[in-house]
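Below are structures written as structure tokens.
Presented sequentially are two complexes of subunit A, the first with subunit B as partner and the second with subunit C.
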Partner chain A sequence: MNNNTDNNIAVKVEGLTKTFRDFWRRPRVRAVDGVDMQIRRGEIFGLLGPNGSGKSTTIKILLGLLHPTSGSVTVLGAPPSAVNTKSNIGYLPEESYLYPYLTPRETLDFFGRLFDMKGDVRKERTRQLLDMVDLAHEADRSVGEFSKGMARRVGLAQALINNPRLVILDEPTSGLDPIGCRQVKDLILALAKQGKTVILSSHLLADVEDVCDYIAILYKGKIRACGKVSGLLEERDAMRLTLPVLEPAKTRQVLAAVREIINAEPSIDRPSKNLEQFFIEVVQQAHRETERTGDVSGTRMVAEYLKNE
Partner chain B sequence: MTQKIKQYSSITCLTALETVRQPIFLLLAVTCVLFTALTPQLLMFQFGEEGKLARDSGLAYHFVFGLFIAGYAACSSLAREIKSGTASAVLSKPVGRGTFLMAKFTGIAAAIAAFSVCAMITTLLSERVVMKFYESGELQGYLSDKLIGSLLIAAPFIALLAAAGVNYWKKRPFGSAAFGFLFVTLAFVFVTAGFFDIRGQFKPFDCRVMWRIVPASLLVTLALVMLSAVAVALSTRLSTVPTMVICTAVFAAGLMSDHLFGRYAGISAVASFFYWILPNWQNFWVADALDGGGSVSVSYIIHAALYMLTWSAGILCLGVLSFRHAEIK
Partner chain C sequence: MNKIIAIAVLALRTMTRSRLFVSLMAVLAAAVVLLPLTVKGDGTLAGEVTVLLHYTLGLAAIILGAATLWSACGLIAYDIRDKQIQLVVAKPVHRYQIWLGKWLGLLLMNAILLSATGLAVYLSVRRGVEKSNCSPEERAAVYDDILTGRRRIVPLPESVDEEIHRRINQMADEGKMIPDMPHYQVYAEVKKRVLAERSTVAPGQSKKWTFAIMSAPRSGQRVTLRFSFASTFKERKTVSGTWFVGTEKQPGLFSAPMTGCLDGIHKLVVPAEFFSPGAPVVVTFQNAPRGQSNTAIFDINRGMEVLVHEAGFKSNLVRSLVMIFCHMMLLSALGLTAGALFSFPVAVFVSCSILIMSLVGHYFTLAAGEPPHRCGINHGEQEVSALQEASGRMVKYIDLIIAPTMGRNPLPLLADGILVSYGFMGRAFLLLAVIYPGVMGIIGVYFLNKRELAMPM
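Moving on, here comes the complex of A and B:
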């Protein structure tokens, strides 16, 4: 995360502070307080923290939607107020952010137009994205009629319409079912594999742990912990040895040998799948056994144009 | 530059489409058309002023319903977009804030123009339909155009039914489809009126309506666009309710500005300032000028349009300045 030349840095934040003021311009709340961070290109960076910790405020400052009270911010080598830089940014906001009377197709077409895309490119990307988020069969229904999860999928698609170099996702899995969450996480990993930088804000720790290379944990506007996920989570005073299932006699032999070496009682358990993985296996099995009923539980591939870097 | 124009047109089209698809827009447009269409049928004891009552009512409905549409559309288009987050989704793309605001205003103005065309056609036909005294070689007596009157009342219902069908079978959004069909059905009634005389007899196309209503309707439209500029500028900082309250106050003060400030303008600097700065809506209400064969001159319309453009440009410049520094939460 550090010690890199500036052209390898996608986002650089130094001493960022944001104070919201009341009607009389008196300081009301300090949402971000002296944040410093650097995010390298091609990295998946997680912003973690409880509600009100300053994650969304930080993201909105990166996008130029909010103005910092003090500190400096550089995004893809330019200040957040530079309009042209936003051609390379894809943003999924936290809350409802779609025009309720537009259909998903119209929504993607509209956002595509903002990037000066040619009609055929827009049409093809819209088709691929709708297929990717599994909404091709709902392309002509008003977004206002969608469930939160379906609206989230449209939001994700609009964030990727411009094939961005920097993708900022604010609570991307909020409202999605476990399969949708897995899809989003696979997509994030695929995007990073294409060299795109991803900033992921979430309070769902499992999601962040699954995909992020680096994380920063915010609390009351300050960074409380920052670093590589594996490094932060590693227990340095213990090891785990994984073996195939052994007969009881051989297990006792192994335990006795280990006990003799470490001069303490080792623990033994069986590795288990996580619930998400188990859930997906059950649903995929059920999906294979029954006919498709028009739900949005399919697992789709990443849109073709997003793979072509 | 090309990209900016494309962005501008995209946001303008989207704003117009979103405005038209809002149920409140359709409700107000249909109510305005129905009230105007029903006026000739409900008039009693007119004392020979049937035509005046029909066109004054039509223009008044156009103004009043248009005011609601202008105010609500402007508020929902900006204040609610900022609140709901759609503005942040658009402004996170390479779109300048000035472009966004001005395109929003243009989109609202386009929706108001579409509503105004419907209101104007209805007023023209309503004035034609009303019972009038006719004196010619073959006819002397009172007559009303029953065929066109019936078609005019039926038009909104046909539009709603057609939109329901399109919504059911083609899954197209009801609001915009209904407004589109309303536009088409009114245009159809207008063309039909050209092929029939007031007694319902078929004749070669000759649309006999009081064309002098068109400039009066155009002036009302200019006033509506001007009010929407006020609402858009206020929406950059205020939410829907304060914006609507201030717009109502500006409308009321502007309506009475001749009485409140105009008469003291020569003797008081304060009155003069307010008289100068408040939009004077009386400039856009010329229904009385149509009485007794009067008409509105082209030069008056040009002056009124320049007044609207200058005043709107001023208030929108303030809006852009305000929006450039606004925080999109």
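Moving on, here comes the complex of A and C:
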């Protein structure tokens, strides 16, 4: 989000406005209103906002699915209409939008063909991706029979079939169970580690906070806040000291010492795990006990070819 | 190409995994199997085979055409409605590749279904002919007249213009012109009368037809004169006479008597050597004198033709199927382009409207006929309203676009044992499978490129 040379910029948006019109060409709603932003290569960028804030519309303009009313957009150095640039983009829409009569294997094979991949490469990547999203055992069932979470995993796999440099994920954890959510977030972090740029759109604040380097908060089409996550969330007038559990007497000693230094009453509490972490631990324990691979498992690992940047 | 093939295979999967495909297979099977069982033609083996070829294949083509148009309208329109196209367009795929891929998919489906239908019809015909209890002569006639591919040579048109002008001028001089009748209608009526008179051969009279033979029949090729006439109208009377084949200088090189023939279609086998290119071949019918024969009125359009056996039934059937396939290519392009512009129901409505308007426009244009020159007679200006003028022009312009695609139905030829030639098929391919779908494709791709594919519904 900072000033950088153009080479280092993955996405550049200047004065982007999108107005939807009705049948008679009368302006109906301004979904995006004068948005400016830059996303650097290798960054995980979060687009945050409530429903109808313009996140998905912005993403669709980046992909050339909608045309801007005004403003300019550059994605990987080219306009969104440039077809060749899309070889380096992976996209997961807010719903999976898969062909219901295709199986996951056929789905990945089809999208692989659209990237002109050779048969053996497609086959190998399909295998790795199905393993990654834990759908190898359901590879030949129609996607139309899948739950929303399973379809989401197929959607995620198709977004990565081309080993993209820019990954655009619109509500990637929607419909996933907590383990699936965690593993998608781990996957996003792993992708960023490989130098890929990730744009993540979500209204789930915890998801964004867990993985994003930079965020922009949209409301009614305008950016209301933008910057580095740590910088935006940091409380500059307070700090937290974490210690092992002490005996009551020692605790009183520490508090007295701190009180003397800050000349005020310090607060004390016990750090707690978040519910997501607790849930994952319980389920993983149960999984180890029953040795089941089943309903609640999610993505397991990063596909090999995605690691070989 | 890989991307286009991928989209084509996807389109084929979309169709084959839908209920439409299963229903279509059932309806086609019913058309091919049940129709011949319910319609028996005129009770003869030839009638049965003709029904099977003309009506069964025709019905199958209509069913397939409707299903093709329906599927084509839905292939892109549903992808946009259900948003799968967003995933496809987000990949490195040009929108023309999407259009072409879907078109190719439709063609693959049609190729599969048409091949299956063609094979079923072929086997039914063969089985029907072989298992029939008819006489060997009747069976042989079916092979000679229907299950074959015969090149049709029609006589050179007779020059009637001079006669028509003379009569019109005479009518004008005698004040016999009907007031307010447009001049082109007068011309058409007089022409009809002149041709009818020239087709009438009274006892003791003769009539001749001249043929320009472009390529000589090979030795052993079967050459048939096929003629159709009616005898006097009130009661069916027989006609007798002699047929001559020769040249202008030697009209009687070959002759064959005809005795006691009732009206209808008749044929006469003539040795191939009398039809050599170069000098025009003259066929003459000499009606026997009054008392031995009656007046014969030859059909104006199909009164006389020379049929030269050129190809077998199998290749004729294949060429006919290719021509039906060309029609499907056109319908696929029309539906896809409509689907690229509109939602599914609107696309179906627009496509059907275009087809109906085209057919009706063409019919009206044919019915009105082309006004010839005014023959030097002033019949006064007709009162035509601006609306009539505009609609007339519109129909004419629509017909200018549509007319080249019309008259390319091979089934009447196939059912009549007439050759569906490579030239006929090639012209149909060029128009129905290349030029018209090409123009429609350009329009479809243009609008698909312009269209925002992720508009909120």
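In this text, the second predicted complex is superposed on the first by the 302 of 309 C-alpha atoms of A that agree within 3 Å, B and C clash if a C-alpha of one lies under 4 Å from a C-alpha of the other, contacts with A are read in each partner's own complex, and residues count from 1 in each chain.
Everything below uses one rule, namely that a residue touches a chain if its C-beta (ideal position, glycine included) is under 8 Å from a C-beta of that chain, and two chains touch if they have at least 3 such contacts.
Predicted model only: the values in this text are computed from it and were never measured.
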Overlay on subunit A: subunit C relative to subunit B, clash or fit: clash
Thinking of the overlay built on chain A, is A:83 touched by subunit B (first), by subunit C (second), by both, or by neither? both
Could you look at A:269 and tell me whether it touches subunit B, subunit C, both or neither (first, second, both, neither)? neither
Let me test your reading of the model: by the given contact rule, A:140 touches which partner, first (subunit B), second (subunit C), both or neither? first
For subunit A, which residues belong to both interfaces, subunit B and subunit C? 60, 63-67, 83-87, 89, 91, 93, 95, 97-99, 101-102, 110-111, 113-116, 158, 162
Mind pulling up the subunit B residues that touch subunit A in the complex? 2-3, 6-7, 10-11, 14, 17-18, 21-22, 84-86, 88-96, 171-173, 175-176, 325, 327-329
List of subunit C residues in touch with subunit A within their complex: 2-3, 5-7, 9-10, 13-14, 17-18, 82-84, 86-94, 452-456
In the complex, go through subunit A and note every residue touching subunit C. 20, 60, 63-67, 83-87, 89, 91, 93, 95, 97-99, 101-102, 106, 110-111, 113-116, 158, 162
Which stretch or stretches of subunit A touch subunit B in the complex? 60, 63-67, 83-87, 89, 91, 93-99, 101-103, 110-111, 113-116, 140-142, 155, 158, 162, 168
